[in-house]
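Below you'll find the structures, each written out as structure tokens.
Two complexes come next, and they have one chain in common, subunit A, joined by subunit B in the first and subunit C in the second.
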Partner chain A sequence: MSNGENASAQHSRRVVYGEALRRFMLRPEATSVVAVIVLFIVFSALAPTLFPTRLTYISIMAVAAELGIISIGVTLLMIGGHFDLSVGAVLGLTSYVAVVLMRDFGIHPVPASFIAISVGGLLGLLNGFLVVRFRIHSFVVTLGTMLIWRGVLIALTGGFPMTVAIPQGFKDAMSGPLLGGFRMSMLWFFAVGILATVLLVRTKFGNWVQAIGQNANAARNLGVPVERVTILLFVITSSLAALAGIIQVARFASVDALRGEGMELQAVAVTVIGGTLLSGGYGSVVGTMLGAITFGMIQVGLVLAGAPGHFFRTLTGVIVVGAVILNTTVARRMANSKPLAGFKRGSTDADAAIKAGAEVDIGTSKSSTSASEAPR
Partner chain B sequence: MSEERVSNLPAGSGSEDMIARRPPVEPIPAGAVPVLEAANISKGFGATTALVDVSLKAYSGRILALLGDNGAGKSTLIKILSGVFPPDAGQLLFNGKPVTFANPADARERGIATVFQDLAVCELLSVTRNIVLGREPQKGFGPFKLLDLKKAEDMARSALHGLGVRWERGLDERGANISGGERQSLAIARAMFFGSSALILDEPTSALAVRQAGRVLDHIVRAREQGQAVILITHNFRHALSVADDITVLAQGRVAGQFRRDQVELDELTDLVARVG
Partner chain C sequence: MIDNASAYAAQAVETEVRKPGFARQTLGKALLFCASMVFAGMAWQGQAQAQDDISIYFVGCAAPTGFHGYLARGAAEAGENLGVKVTYIYPDQLTIPNQVQKIEEAIAAQANGIAVCAFAEDVAYAEIAARAKEAGIAFGSAAAPPSGAQVRDPEDFFLFRTGSDEAAAGRLTAQRLVSMGVKGRVVVANQQPGDASCQLRATSQIDALKAAGIEAEFLELTMDPGQQAETLSAYLRRNPDTAAATSTCDVIDGFLAAKADGGYDNLILTGYDIVAQSLAAIKDGRQAFTIDQQQFWRGYMPVLLLTHYLKYGLIEGNYFLTGPTIVDKDNVDRVSALVEKGYR
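What follows is the complex of A and B.
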């Protein structure tokens, strides 16, 4: 008898685990979790003595933190239905502002940083204003501002790097060593990640961001101030880019004309690996954080594995494409799969995400049929 | 997602019975003030004339069906009623007093809720979050306010309950997973819960299968019973005849006829729209 009970208990546990796995695979973070695990195994196999060490983790987190802070802003914005290609240039320009304030005006790094972040906020405000006021796609607006700010930065620096003496205390606070050898920037990264997650899933603003990304007209119709929320999203994104810039200034004690270049696309890649829909409305800050860690692992892991430098871009590209395929194809198949025995069909997140994507086609064909069926 | 559409119903099916079984309409009580009234409204867009001298009155506890073919001016009229744009000439009255709406939010704050057919639901938000969207309950203080998810769920439940919606699924179901009929019901429940006194429903049944359309019509009747002034825009005569108290037919931007529901036959309405159109 106890045998029989045991068997059924085992069976149901297997079902529970299976269902848990099925549900997990439907979450937006699933791809990035898989990417982190797979890369860890691969790099550990390629460089068994070098990769799985604390020093490596520290390097990975240093890369992930700076890119991650930018990407979190880009993620929130993408969930709200917009792109920001100017974050790299904003990072460069605000870093320049911080360096000049500290070096030429003798301002203490803390107020200098606040001013630099405020400048970042203003640049975001301009992006948001242009998008909202002239109803131009954010992709084009921020492509333009990216080129403008990069040009301005090159003109201001004359193309040369500028160094600045950073007080040790400030350097420590932004990117100095932390307990166990990790850098302070990791703490900033986690803090921003937690705040952004709470903002997205536990506040009115977050609800509005998701709603706008899914159906801006419905949101507007229900009294959501769509324009204000959109502008604020751009401000947050640029401010976070500025924060990442300050961390880099503290780390390198310098700024140069190409600071932050290319990070805008890396941030998009990180966001996509993290499971956020390119079409907006749905995504995860935690996924983006894991996406940034994925990036750090590739960058550090390839060096340790002795791969040539150009591999970085190639492998990153492969992972981005792989992630998108995994996010759509596999997740779609999983969503269509029935819940395992003993479970009601739950409201799993990606379930709906995928269905919504699929229903776009059905929706349009439906409206065309009803239009052709004019009343008699 | 059934292919069958209500407008394709064969004669003698359920909705005919529904029409036949309807009791006579109460006359509008003498001295009653319409909740929402349009008086001699005209509107043009450039060289096109959309509405000419259109008047209608929506009373509390009554359903006014606005019938008309495509292009008759129905959507222009509801956009004026819901504050999307102002009329060129004529006056809107709310509870007997002249009003001008600055924008849709202005109209909504006065209690005029418009449910547009395709603008009802965010696909990836839960039912609860959809219902409280724009009016989210919060807890905490200052800049540290968080969503009160428990209260939001209570609000969602009472909103649906208030309209008599039998919600068999979880309130955490995503918008994409609920049916078209459920979406309309959700939107109507939401509008009423947040204090509308006039409900403007834009083709709420046009994309629905028969049974779902019936359920939505039930909910519209329920809204009337709770004292809403309902304006039901439709091009389905049977739906209009089965629930409406008053019927206004628009054709080519003008009022082609105004009736009490029990003073008009289906054939007459069909002729009216067909002849002018």
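What follows is the complex of A and C.
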């Protein structure tokens, strides 16, 4: 009899599920999953005819997509131990670049967008260079560049909104409601989320990012090119902010001096709701995607539930603080928790028992053999 | 004199660049550029001295761009017309301490008159107004008087007040909606909930609508147009009886998107202040009207009033309201032309 069969035989399904739940709660995105479920239930109860509908999901995803794309970059950077407060200003400035290239230079939106995203990358490169070269905390550097880029944008636009004619094809490709009413920005959001997840959990670069976020000196001693990775993270973050800006330009055919203002803090809030630690080294892109959806649910759900108009920011803040408290306390408790029923941490017995339990639960005929096939 | 200096510098630079040798050319250009700057500075100083001795500081709310650019332009044009020196200064971040600091700088600069784009309660400016008075500096406000006030209070520490009555603007919007025969709910949304002007517009509009028997509700938004659009869409779904939506600040992209995306063709959109999107939307009928506060006057009139007070001792009897006025389909073309010229 294999160890897995022993485990599943010795422990009741309840214990096995308990251990599975414990393990799930150890994951960074656990809180955001809980937040999405709880908010969905709450808002569905408060607005039963309006909230659980396709139109609501479309609205939520429209909000989540644009903010989520920015937040994914911020998440990668935060896992790497840095902040970027300039993403909102980068969004605004690169949107301006795209609008000017299209309107004043007659450049087609596609190359104009590539140029604008490249400009975003260059702004990120500058952020990264300043952080690495002068060893200044990224919070301070990006606070400064945020003010600079915002000032430049105000000066360039003269404070006035600028409009541009966007070809329908480009508008549809970037933000059109082509996916059964859902906007194309959702597709971009998922694509960016998948790529970032693969980058973070399936590549050497992702390992380096997490290592740097946990202890940059230790990572450097182990041969991780800390400076190069840090700069690249800033480039990715600013490029994603520029991509979000392009999506907004395509949808609204305009840019204004305050475009993107405040989104840097919304992105941090979304990232924190998603379970990424402000201290770096720990986090999840999937969690951030769920965090962005949480944010969208709050924004749309409060209105549908008829919440007082003045309370949106207040309630959002309450939920952010609640999510952080939940994240930190649950993470601390779960980190100190012992595996149930005598499982050892990371033991293959536990893996096998959970897998066997799950397969029994879904009623597969292979349940009796799956444990023996479990990897040791 | 400026022309002479510039011509001299340009001629000198042109002569220099003909010389061979890259390094020498570059050095020469740099030196001549510096020289031209010195000449230009001397010319400017000379022109300034040629003006009247009156020096007026205009303490704005923000950088002279966009909306505030019109105020600054109005002040500058008044200065040119009246032959007085006008200096526009502003705080980096609009807070009471920052703006008071700027007023202190104007006092230290020994201005003859100061006009402040007041954005807070009078009590915030009482102390600095007293200091200006002690220093013999005329002190006025480029902001509207308390709503409803018409005759100037002789005890008012501001020599004058000139601006648009935002509470009246809210009431005007409500009156126009009522006259348009709006039946149903009106949502009044604010993208900048901390902004006193936007909030006052919203509050007075809602109160006036309710007084007219129309249900009106406040909605808080963010500055992001995507979030604006989705939040407003959600509101319209929850309240299908909504007949009109008002944007209390000038970023109206999200409103236009929500109307178009949701197919709310009959939804009446109204706004405040003038921006390109609003003018275009009024022209093609997507937006009914917007409220203009004619801020060019908010820059021009304070300089005029200060100058005439300093020269002739004239003080206004009535507070001067620059707005509100309505821009709709009837006058949008004329207003657009003035916007392009920088006057509206």
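Brief remarks follow.
Note that the second predicted complex is superposed on the first by the 333 of 376 C-alpha atoms of A that agree within 3 Å, B and C clash if a C-alpha of one lies under 4 Å from a C-alpha of the other, contacts with A are read in each partner's own complex, and residues count from 1 in each chain.
By definition in this document, contacts are C-beta pairs under 8 Å (C-beta built on N, C-alpha and C of every residue); 3 or more make two chains touch, one makes a residue touch a chain.
Owing to the predicted nature of the structure, the values given are computational and were not obtained by experimental measurement.
Of the two partner chains, neither subunit B nor subunit C is touched by A:Met146. When the two structures are aligned on the shared chain, A:Thr157 is found in touch with subunit C, with no touch to subunit B. In the superposition on chain A, A:Met297 makes contact with neither subunit B nor subunit C.
Contacts of A:Asn207 after superposition on the shared chain: subunit B is touched, whereas subunit C is not. Once the two complexes are overlaid on the shared chain, A:Tyr282 sits against subunit B while remaining clear of subunit C.
Subunit A contributes residues 47, 50, 55-56, 59-60, 62-63, 66-67, 154-155, 157-163, 177, 248, 251-252, 254, 256-263, 296, 299-300, 303-304, 306, 309-313 to its touches with subunit C in the complex. Contacts from subunit B toward subunit A in the complex involve residues 1, 5, 7-8, 69-70, 104-105, 108, 114, 116, 118-126, 129, 132-136, 138, 145-147, 149, 169-170, 172-177, 190, 206-207, 235-237, 270, 273-274.
Partner subunit A is touched in their complex by these residues of subunit C: 63, 65-69, 193, 217-220, 222-227, 229-231, 233-235, 237-238, 250-251, 253-254, 257, 261, 275-277, 280. On subunit A, the positions that touch subunit B within their shared complex are 198, 202-204, 206-208, 210-211, 214-215, 217-224, 281-282, 346-347, 349, 351-353, 355-356, 359, 362, 366-367, 370-371, 373-376.
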